Amino acid sequence: MRNNIVEVRVVSPIVTRGFRKASDLKALEYTGVTVSHTEIATGPGSIESEFEAAVSVPGTVAEVIRAEAEGVDAVIIDCMGDPGLRAAREVATIPVLGPCETGMHVAAMLGHRFSVLTVMRRLRASFENQAAVAGLASKLSSVRSVDIPVLELEADLDRTKEMLIREGIRAVEEDGAEALIFGCTGLMGCAASLRDGLLARGIDVPVVDPIPTAVSIAAALVRSNLSQSKYTFPLPPEKQLLGYDDIRLPRAIAAE
Amino acid sequence: MRNNIVEVRVVSPIVTRGFRKASDLKALEYTGVTVSHTEIATGPGSIESEFEAAVSVPGTVAEVIRAEAEGVDAVIIDCMGDPGLRAAREVATIPVLGPCETGMHVAAMLGHRFSVLTVMRRLRASFENQAAVAGLASKLSSVRSVDIPVLELEADLDRTKEMLIREGIRAVEEDGAEALIFGCTGLMGCAASLRDGLLARGIDVPVVDPIPTAVSIAAALVRSNLSQSKYTFPLPPEKQLLGYDDIRLPRAIAAE
Amino acid sequence: MRNNIVEVRVVSPIVTRGFRKASDLKALEYTGVTVSHTEIATGPGSIESEFEAAVSVPGTVAEVIRAEAEGVDAVIIDCMGDPGLRAAREVATIPVLGPCETGMHVAAMLGHRFSVLTVMRRLRASFENQAAVAGLASKLSSVRSVDIPVLELEADLDRTKEMLIREGIRAVEEDGAEALIFGCTGLMGCAASLRDGLLARGIDVPVVDPIPTAVSIAAALVRSNLSQSKYTFPLPPEKQLLGYDDIRLPRAIAAE
Amino acid sequence: MRNNIVEVRVVSPIVTRGFRKASDLKALEYTGVTVSHTEIATGPGSIESEFEAAVSVPGTVAEVIRAEAEGVDAVIIDCMGDPGLRAAREVATIPVLGPCETGMHVAAMLGHRFSVLTVMRRLRASFENQAAVAGLASKLSSVRSVDIPVLELEADLDRTKEMLIREGIRAVEEDGAEALIFGCTGLMGCAASLRDGLLARGIDVPVVDPIPTAVSIAAALVRSNLSQSKYTFPLPPEKQLLGYDDIRLPRAIAAE
Amino acid sequence: MRNNIVEVRVVSPIVTRGFRKASDLKALEYTGVTVSHTEIATGPGSIESEFEAAVSVPGTVAEVIRAEAEGVDAVIIDCMGDPGLRAAREVATIPVLGPCETGMHVAAMLGHRFSVLTVMRRLRASFENQAAVAGLASKLSSVRSVDIPVLELEADLDRTKEMLIREGIRAVEEDGAEALIFGCTGLMGCAASLRDGLLARGIDVPVVDPIPTAVSIAAALVRSNLSQSKYTFPLPPEKQLLGYDDIRLPRAIAAE
Amino acid sequence: MRNNIVEVRVVSPIVTRGFRKASDLKALEYTGVTVSHTEIATGPGSIESEFEAAVSVPGTVAEVIRAEAEGVDAVIIDCMGDPGLRAAREVATIPVLGPCETGMHVAAMLGHRFSVLTVMRRLRASFENQAAVAGLASKLSSVRSVDIPVLELEADLDRTKEMLIREGIRAVEEDGAEALIFGCTGLMGCAASLRDGLLARGIDVPVVDPIPTAVSIAAALVRSNLSQSKYTFPLPPEKQLLGYDDIRLPRAIAAE
């Protein structure tokens, strides 16, 4: 921590510049917390499949290594697929957080069971798998989608918000959700309007906006001197690696 | 929030004055976060059984209502049994956190699976039940105890720390834990020595000290505008209540 | 057992006198089994929230201690939240049964999966949590409610019964229930009319009426010389307790 | 019920006459409950494998049909493999109980988690499967065996009891059991000595003796007017059946 | 293996001759694999209940023993209840496969979650129990039925296929299935038409036809030198067996 | 299929040439099945961490696309981390199998519960996560390691085999395994010696050698006309992709 200020680095694992707006991230800062940002150099324009998540990982790992080298205090991977989360935790000692894992734990704490509202139906299996790995399968009520691709979410923002409200109501009334979480970080900023829409129907449930939540939780971990277990995520052994010259592992701390 | 400072109230659900030291709580404050404290007026001297947890609840609920009335931003119940957590969430709109639920979610995020190190063997079932309710049963490796009553933990602090290291090593090597969490808030402050003891054996796992962790997570939730779901925890209906004159429910916001 | 007759004490954890009718309890007696009854001295008028359940516990524990002192053979806590079940088991050596835990195990034995029909929607999380603690989460099909407060169930008993049939049919046809259990002991006596209503639709499932069932199961445990594990529920240690002068723990049998 | 007396029929699914002693069953009777008994006409000498359990089923089903025809009130299948339990429930309207399913539910109610003490190691998978089907997998701590065949249990009864104590202690101290249940009905009558042996070591856990427990639970179900769900276990359709002339299905009540 | 050809024996556990057509089994053969067939001598005309499954087991076990004695390489039990699977595995060293267990594992591998399409609603509990025993409960989306008895499936084959498509669509769109499996081996041969019907609606999910799939998986196990664990399924001990003269256990290999 | 012969392509997701020997793969062929092989162009020398698994994925996906373009019938990813399995399934219509997922399902079918014997302790969490995603968590007894890096397994093959036997015995006797599976495809060929070592101790459990098993299961799926669900794994949408010129998605078949 420099000057007793926690710096949280948001790494957007896509190559589309400007998708994540600086002003939106600035708005997440508060007393004692600053937010910095970067995108990746190689990878997909957006992430809506397992394939795109996979090709975003090498670039993401490179950015996580760079963030720690620059003295950043914690890193958040800016995609609800948490691409590269486990690989990145191996190459860093600072906390690396995925908004999906983080948001699911927070939602489970706040509201008994939660549903994920995402962009495309094809992501359902991925969210169910992530919940299973997090140990939270019994807390996931359902995965619902608005059926709008990531890069088009803002094209008709009113429709996006309207769809979120419609699916959010269904998640509560039909699926048994008692909290909601966005299933795409591209929906950042829509929590207030979704919550208002639900309240208008008499439904008072928390809406977890994963990136803002992950920023504050990351800062909390830093303040508590906590980071991922190096027993679970030891540094990888040194060995041959072809074709990823941009990735340079940190000097070998005693690996297991 | 007053002056952009988050005030977290720690409610110790026991009647033993001075067990929780002001200086220890002061040490948990950081930029943007203050910590206040209170004990309860009626209840047990310490909590080591389901019975004692139960009789601590009415007093705890009274303190949570008072905290919100005083403008506090979040409340933490200072016992790993999380006594009264669900009742308190019904009577408050500010976040109410239990260190057990909170710490278990944090430990699960940091280290694949975790063990609880507690004071008495008789608490094992309670921790397994709490993990089941939190949806985290698959993440709980084991519950181990040092076999020292709460109020005697500090009598021979070196022995307490030594026992924690012994049981912590067993939790990792025999039970498969990859993170540890204290199973009694009376162990607050022992995390560094436990972690050192484990590192001396080459075991690099995070140690979650539940109260400090809950303070920072509570502040994170306040900064993210999140609180417990009122759909899960609506205000109780108004009705007859005999023998608890110290409890006055907040004015009826529309209950379900 | 006196004169080879099992006495089962039903403790209604509310302060509303007359809600539980003596004649209704009398009807539960059979050869070799008598039923006695008491309410609590301090606590809520009825129980429809976690808060009300919590404030019913100290009075309930006091009654359980008294029951054992009076030579009663087993105790049933007369509320489907099983308030104070675990605390009461610590302070007694005679079997203490919760109608929820008992009824869920019986329903699981009789019909593959079961649904709970309760009074208010807000109780759903509580029933799911109780099923999780009982290890029966996979057997709970759904929790459905008739949306009538406890103390109004008898105001329009025909409507109550009609609603039970409607929700019971949905539980079977939509949720996959193959047995039903009441989620409020205030519904005692409605099992026959619910079963008739279901049979009229060709649905032949058992309806577990929790208090009558718990009475007969309690007597069965007494006849089998079984009671709760004192390894799980040892007597609480002796210590300071402020504000609960009506609770006097039984003489210390060797606690763990 | 005849003369307000519940008759429970114990069906021993083996062809070895005299293995189950009349006096032992007589001892299970109490006010309002009588116990009758039969063995099967075709099948194995004892049951220690899935094969033997399977060939005991047709004879068992025949006995269950006969019991109901004779006016018996409830049937218990006298083997911890619960052979033919589901088939028998289809052909009867009176309650049919398996001692394994019944005992596991009772043990789970009494003691948080339980272990099964059985005769041969090869039965472990069977008990784990039965727990899974009962929905109680999370309550089963372990299955331990004394390694003595069923028909030799009484040859050296002292050794049998000694082995039970040894494995029971291990179940509690190493596996986390807080209640015990016999995994063979041939161990009937050994509960008191096992419990004494455990108490001598300071371990106070209930020991569920499955047949006595099933008798009292069966009587409780009869007193509560409960039986297995005919929605789950409808009468089989009438159709060709070769080679089982001793089985005559009851007249077709409306099958599903 | 004779001449490097795997012989898979399909044992139909029913006494209805001609139900399983030789030409249909012939069509399952391919390079390196032949299929032989037999029915059982005693048992039911078809299997639609737990009772009928039970009485098919002794005859099935006899056929499995005979198959191994004849030099067959693997056996498939031709019923989705997998009747006698575990007993048969004890008496054989060659692989014995149940189409339900096998098909569920294959479906889980191919499509995240699967539904079973079966003949009668009453079989639902049985499939859920089989999934629980296989460890695949979390992969089973639903069990749906076409409500046509086994022996009438071919009476109006068009209606059967139409009903399969209707229930298959519901399984995907309402229950969350991403693969389908037939819940009755009498539906063999309907996979192509079901898949076409689903594709016509834009649903591209695999349809597992259990017997053809089990044949190819059985051959795969033989080629990999794999068979059931004799630690799990040891040969039954030799002992008295009344009434099953057609069953002669293979000579005692060292049983456990 | 060309000439009615199934071609299975084994893709080794490492850049170390010659680690996988052609003769060893040749030995896996049998009547009707040929095996071809390739390594990847970019990625790690071996895989012993989440990081190395991640950087092997882009190259693996490229090889899977190439395999289908070349007319191959099925692909196996030659690493027990199943790296890129889900991404590869999106870009292919032929079956893509991971040896871990496949082997775990086969082991679960054969032996009630199984343990994984792997190279390094750090892989334990990964195997537990893979079991959770496969729905097989309840079937995984333990993960044990021989503590020898992948590229050194053959340096002292006798010691490797000896360590496998030691850990295999422990898995059965201490952890409850009833089948074993290698947790590294570098152990291919060691199954016979492990099985002999276990038999010498009287332990008769199947040993699943994942690559041979996956080859035969892949061929079985091809013979059954089965492949992964395109509902679960639809083709990724076309979009910008920087830095992976070697990956060219197949022409857009109608994606979801």
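The first chain written gets the first letter, and so on, giving A, B, C, D, E and F; residue counts start at 1 in each chain.
Keep in mind that, in the parts below, a contact is a pair of C-beta atoms (placed from the backbone, for glycine too) under 8 Å apart; a residue touches a chain by one contact, two chains touch by 3 or more.
Composition by chain, UniProt nomenclature: A, B, C, D, E, F = Aspartate/glutamate racemase family protein.
Owing to the predicted nature of the structure, the values given are computational and were not obtained by experimental measurement.
Taken together, chain C and chain E share the touching chains A, D. Common partners of chain B and chain F, by the touch rule above, are A, D. Taking the CA centroid of chain A as reference, the farthest chain centroid is that of D. Where chain D touches chain E, over half of the residue numbers in use are shared by the two copies, so each contributes mostly the same positions.
Computed from the mean C-alpha positions, the centre of chain A lies at a distance of 44 Å from the centre of chain C. A straight line joining the Cα centres of chain E and chain F is 27 Å long.
A straight line joining the Cα centres of chain B and chain E is 52 Å long.
Touching of two or more other chains is recorded for residues 112, 125, 132, 135, 137-138, 178, 232, 234 of chain B.
Taken as a graph of touching chains, this assembly has some other topology, since it is neither a line, a ring, a star nor fully connected. Every pair of chains meeting the contact definition is listed here: A-B, A-C, A-E, A-F, B-C, B-D, B-F, C-D, C-E, D-E, D-F, E-F. Remark: chain F residues 124-125, 128, 132, 137 touch chain B in the complex. Against chain A, the residues of chain F that register as touching in their complex are 15-16, 41-46, 48-55, 57-59, 61, 84, 86-87, 89-91, 120-122, 125-126, 129, 132-133, 135, 149, 232-234, 236-237, 239-244, 247, 249, 256.
For chain D in complex with chain B, the residues that touch the partner chain are 112-113, 138, 176, 178. Those residues of chain E that touch chain F in the complex are listed here as 4-5, 30-33, 97, 101-102, 105-106, 108-112, 134-139, 172, 178-179, 203-206, 208-209, 212-213, 216-217, 219-221, 223-224, 226-232, 234.
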